[in-house]
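Take a look at the structures listed below.
Shared between the two complexes below is chain A, which pairs with chain B and chain C, respectively.
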Partner chain A sequence: MIGKVVRTPKSLFRTGLRAGFAVGVLMAGVAAAPAHAVETRTFVIGWFSEATYSQDNDCVGGINPNIDDQYLKNLADLGYTPSQIEEMAKKELDGENSPIRGLMTSRARVDGKPANPYAYPAFVVDPKLKSSTSNLAYGFDLDGKPGPVEDPQTRQKGIDNEFARALGCMRSFRGSLESRPTYYAWAWGQLKDSMPAWVVTISAESLSKDGDVTVTFDRAFEHLRSNADGSPRADATYRIDPDPRSHNVLHGKLKGKELTFDTPVDFRLMQNPLMAPMEFKMTKAKLRLTLKDDGSISGIVGGYMPWSEFYLGLGTQGPGTEYCITGDIPGIYYLLKKFADADPDPKTGQNRAISAAYYLEAVPAFIASESAQATQHAPARE
Partner chain B sequence: MKTQRFLLLAGLSVTAVAAASGSVSAAKSSQAFSQLLTPPGITTEVLGKGQGYDLGKQTVAAQIRDDIAFTDARGLTLYTYANDPVGKATCVDACAKEWVPMLAQKGAKGFGDWSLAARADGAKQWAYRGKALYHFVKDVDPGSVWGNSPARFGGRRKNGAGEYVGGGFRGAGARNAAPDLKPVEGWAPALAFPNTTVEVPAGITLKEVPDATGLALVDYRNRTLYALDGDVKKEKKLDSSWVPAAAAQLAEPKGDFSLILRDDGIKQWAYKGRALFTSSNDLAPGDANGMGVDKKIAPAVVYAYFMPDGVSVHNTPGQGRIIATAAGVTLYKREGVVHQSGGGHSLRRGHPNRPAVGRDIGINVMCGEDCMKVWHPFKAPADAQPQGFWNVAQRPDGSKQWVYQGYALWTYDGDKRPNDMNGNDDFTYAYAAPPGVDKDSVKDLDVGTPMDGASALHWSIVVP
Partner chain C sequence: MKTTARLLSGAAFTALSLGAALAADAPAEVDTSTVARRLTADEYRTIITDVFGPTIELGGRFEPELRVKGLLAVGTTHVSVTSAGMEQYDVMARAIANQVVDAKHRDLIPCRPANDKAADDACTGTFMAKVGRLLYRRPLTDAELKTYVGAARVATAETKDYWNGLSMSLAAMLSSPKFLFRQVAIVPEPGKPGQWRMEAHAKAQQLSFFLWNAGPDLELLAAAERGDLDTKKGLAKQVDRMMASSRVEAGVRAFFIDNLGFDEFDTLTKDAALFPKFSAQAAADAQEQTLKTIVDLLLTHKGDYRDVFTTKKTFLTQELASIYKVPLVNDGPNGAPDTWVPFEFSKDDPRGGILTQVAFTALHSPPGRGSPTLRGKALREVLLCQKVPAPPAAVKFDIVQDTNNPLYKTARERLKAHATNPVCAGCHKIIDPMGLALENFDGAGAYRLTENGVPIDTSGSLDGVNFTNSAELGKAIHDNPASSSCLVSRLSSYATGRPIDTGMPWAQALLKNFSAGGYKLPDLMRDIALSDDFFSVTPPDTKAAEAAAPNQPAR
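Then we have the complex of A and B:
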């Protein structure tokens, strides 16, 4: 029914329902809304990132070096002597024509020959980057097995989030829900103004009382609309893209203002594929959301993520992103490979997925018919 | 005569323009005055960086299409010779070894700007506006001019002659390239664009309007002009989105442009007797959002690009106009990834056509056996010929596949109805040594372009 989405009259919202409230019957066409639903709210995701909970002292011996220092270590791994490295470092510092960047962008060795390290991460010497030792991480118990990791929000133990452990000592992947990790702040900033937005629809008999609830995630045709300060604009209108690849339905429970979706599902949202992850894809995903007093929602989605796709999103970006944003990209390859904890390859046994948790915030939005006037335009061609 | 039939269809078909979300064949949406840009066997190629060898960010963000040349079936630039009189080719013997005549196929017939020049040996040679056409033996790659290949702008790679050129990332190769070869006196590339064949008044020019698949009239802001098929005095029936193309009060008629004195006192431009308008639905140069809004009015396409039978420019809710089958089924290209700082990939022209990349990928899309069960070549008829931006690839089984602006075209089983584009942005792992893959099986992708990072291929919708 997704192609039959009904535009919710704005007049209704003006009569005290501007915060995204809508009577369910008007949204009867919204995808997967239960037949008995009488209340539906729609939102657009305005922030999406890895759910990080970085703390002091969660990296033994400190976090990983900045990229300039890491490159000097990598030079040693390539066999350069301390005096050679010192000479190159001096040139770099003095602004002279240092060979370091060139050596780093060809630091893989395939059959003994220099090769692109981002295309051939397995042929780079493992820089053995540090990983987090923290036992606090957002997420869910995905495998039902006991474990030491505890969610700082829910206090649940047995949390599976090896992704946070793997990247927890990389500078640009450290942060908190309030203090956004550098990589995601950069990536989201790159994406949000052109990538089709993600919309969330919550339906229940009543969102004011406990009971069953259904949430759908879809991709829109339009990109996220922003306020002048860059924050997501509430009450903007989006059309849902009927592409089934980004259509997700989760059934759960509402208790107070907390929504929990404990039945594992496969979860997929297409995004601009030139970022990491190339698309947001999880298996055995679980979700929790909070209805906030200001009408917005926030929450955590967790599951197993194919780590090689995350790597590929970084690998295609190459040296510019490595130097300016992420830090050692082949090093991240090794971290992800090491901490992968699900979906073993039947031939090699190497795990192909890694448990992870992502954090989202969404503001109220309207949903319009798919056939409404298109608004996307090509860049000017003067 | 096929061309005449085409023109007849073009004239009639404005009445057949579909609704805004419907399927609009570009050629058929053209005006009665539209002329097909190229005959069969003559193609068009963007010169220089527009070929996409250079993955510079500026190239990705806004592919340069400043010059479009008439080319032969291989994409090699065609030239005219100043010493040739109209209708006769005089470059023979030694001259013809360096400047090779663009011979017409048996049975070829001229039309519009295209004619056949006589050669001394009795052969017929294509001529554009009366001047015989030749290609230059020093041009070895599409998009070359004077023997200067655009491949030198990219990374180290072999050119069409098997010689290594280029050598740097993001266009740095050009710095290492040999100095540009100079133009040869007496010769000039035959350009489809810029096009100076139409005498235009001040404030009106001829530009590429991709959605209208042709060279169309645009106003001083580069906004697309639309021509009304009917009496302008009855324009009250047009909705308010149509804005008359106003001329200066002192403007004078010029060439095929005349002036209509409207009841409101405004002088309005008309081309070949048809009143010109802009559409308030167009927000930027290159937009043609007025297409299909009113059956009486269509972009003022003077030169229409060739579009094969069975192909349409289909208007979709999400991505505007795309190349599709006549039934509206989305057609795809296999594309090499290029990272774009600043995002933009998801925009409609966020991954513009880069013919060099498309040619390098060819029909070998490297997506595996399972993948090929759901992706299918978009077949061309057995007698299909290269023409305009369209070329034909020979498949191993002897069949032919349409190629558009360098890219072989495909359909996807996951698309069930018009407007579906469920294969768009589907990626293939392409970086070396994914988990569990041993070293011997590692093979880096060679799509003929230097990737800064790891390389990858994806399926992508095709915009005109």
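Then we have the complex of A and C:
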């Protein structure tokens, strides 16, 4: 006797299949959809990165040097003479036998002694890396104050995104929504295969007409399923982890295909601490999403992010990542610290959070209850 | 060592080259010159696993197989072994033999030599007789056993290593055509001068390869040696035993893998930009889905064969479920292989029957699009046993292949334009209507309602029966008498290795029973296995044999 997956009424099933993209429904009490919601679409996040909008000439004097050249500058900061630096530069720049590499991995000075620069970035001489001067950045007006920065999508001014300014001249953090920054292409590639996926549920009375809408973000039990080419696989099934730490509910408005969530919320998603903070965390977060014709969604989430946690995600990766991916990690520490713009420490006055915006893309997915009974719901496209 | 290796390799090759001379080892009243079917790759693997266990790795490549009259099984009587292929068989034989005698597997050998550095004919003889009976699917003759024992002795003397010597002798046995080919020996029918019948061991392997896709087990060999297979009662007892075994599933799978042409998955490619979900895993799962569907319906539930074209019951993995766009939870840990889950499509779901499964729709499609023509041709030829002529030379396919032509947005429109050529129209008329019914499935088997924004029309007709969609096409094939007669033809051809056309008396008789019994596949298999025609042989041409081998005694 063949068992059955529980299904919704056949009219919905039929429509769902013929619509091309089937979607799931959130179950087991984890959904926060309004009681009157009759249409729900579910997705799995297939791409998540800083929302970058790098433009020519947005770094005065050019972008920051590549790491080999930066290391030579750092040597000068450590007190080496030009001739000494020149002599070292003739030798291997990377690898175990590199004198420069050895000096750089201990370029912090604690009580005058060499120390790990990634664990003690404040004990490294600030390399004074350049930051972006652009007044174009994705994000939201988080503080309600006027400002020069404008969102290139919404044209809204007063955008708070000092994170983009801080890292905007780092090579591996430059890019656009279409041309993905090197760091995130690498980091997300690691994260998506090593941690449970993040799922999104959108509920409204009708997603075909303007009105109230609710979106939830949760973490799944399953990892993101990928296609043969590495792209996120649509229509796979995920179960929601009931851990409340990764449960986020935002209420907003749907107009056309644009969803906006302007009521600030605290936003948290647990992630793999291997190369990132243990959780992606924003306070006073806002969100906007677009329902795309191919059934997927994309959008921007912006808020204040604890910059030291982001730094630790980089710092724990150490010299290999610094050399191959990120560029000068202690330098990034100083940039983040400099441009942090919220949550001042009561004692020192140093801001502990930095305004930021992240970009997400998500493909349709089925969402099943924790008890593993999958249910199919409403149509999406075609 | 090298000398010995060359010696044995050469011996094996010479033996193969002189295939006709093999009969010289056989008992005088046995004729082995009638039919030889080369083992398929799957049969080879199964025998090695059965004899030496599943941990033995083959380590070589098989000769390409040949499809004749729609079946690789029929092609096995048409193929030989090329010199390059023989090298591969030799590589595999050595790899297998080396593993069999290594410390990990040495327990397979039922005795130990008195001295590891010297020959031990008694131990060698015990082992070679035991495995030889299973590899050759009959007992070794005294001459054969003596040859292999002698070869091991020579090799041991050369290498000063008993196990090495044994390995080389075993490798020679595995390279022999007596192993690589299923030889159908015949013997005179007792009490019926001038009449011949299949020798009992040949009957045993005929049965086991058909029902289990494997060589005979010890019980079947014993039955052959007792003469049980030469009696109706004894034959029926063995057939019933084999049909009751779980191993019959392997036989059913092997037939449908062959009949549905799943070997073509080995070379199937899809444009990843157009069909990103069609991974290698999806392709493997798709085949397995269809096979599981068939086995579940026909064996587990002993259902009506015709229902394979309409059944809503199947099995899915998470990889497939995302192609079918249905929810399916994987209970295993992340990174673990997908699990198979029984699944039933709803009554009004467009999916139903194996024709709507990914395996069929994707296999009969080019890399970048679906193809009503290829699908229709497969339906006609594979499932209805109807011959579709090859396209005439110099036909232009540009209209059909251009899926971006704004004038012809759907496959139906493109084919209509293409078939204005009267040379093409005749065939397209009989294959396209069936294939167009499956146009809701793209080139990788995913469901769609439109092509280039235009709604897809899936209506058509089959032999006067109209249908509007794939479900109705499945029903039309279910009800078409050709589908069941085709199965009878294909299965009996598969079993015997020779084409059995639907009009032949044996096929007619089988069909009559198949129909009367409710189209149950196990009943049909049993009916075939108990048929005289299943074991029928062609009497030897004694005059030709004498002319070819004047020094051999006439039979």
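One rule holds in what follows: the second predicted complex is superposed on the first by the 336 of 382 C-alpha atoms of A that agree within 3 Å, B and C clash if a C-alpha of one lies under 4 Å from a C-alpha of the other, contacts with A are read in each partner's own complex, and residues count from 1 in each chain.
Assume a residue touches a chain if its C-beta (ideal position, glycine included) is under 8 Å from a C-beta of that chain, and two chains touch if they have at least 3 such contacts.
Since we're looking at a predicted model, the values are computed, not measured.
By the touch criterion defined above, A:M278 reaches chain B but does not reach chain C.
Contacts of A:S98 after superposition: neither chain B nor chain C is touched. When both complexes are overlaid on chain A, the residue A:S176 reaches neither chain B nor chain C. Applying the stated contact rule after C-alpha superposition, one finds that A:D235 touches chain C and leaves chain B untouched. The larger set of touched chain A residues comes from B, when the choice is between chain B and chain C. In the superposed model, A:F366 lies in contact with chain C only, and not with chain B. In the overlay built on the shared chain, the residue A:S106 is in contact with neither chain B nor chain C. Of the two partner chains placed by the overlay, only chain C lies in contact with A:R225; chain B stays clear of it.
Shared interface residues of chain A, touching chain B in one complex and chain C in the other, are 196, 221, 223, 239, 372, 374, 376, 382.
Taken together, the chain B residues at the contact with chain A in this complex read 21, 61-62, 65, 208, 210, 222, 283-287, 316-320, 337-350, 419-422, 424-425, 427, 429-436, 439, 442, 444, 451-456, 458, 463. Chain contact summary for the complex, chain C toward chain A: residues 272-273, 276-280, 296, 313-315, 318, 321-323, 325-331, 334-335, 341-344, 346-351, 447-450. Chain A contributes residues 2-5, 7, 10, 13-14, 16-22, 24, 196, 221-223, 225, 227-229, 231, 233-237, 239, 366, 368, 372-376, 382 to its touches with chain C in the complex. Per the touch definition, chain A reaches chain B in the complex via residues 110, 115-116, 118-123, 190-191, 193-196, 221, 223, 239, 241-245, 270, 272-275, 278-279, 308-309, 311-312, 314-321, 329, 337, 340, 345, 347-348, 350-352, 370-372, 374, 376-382.
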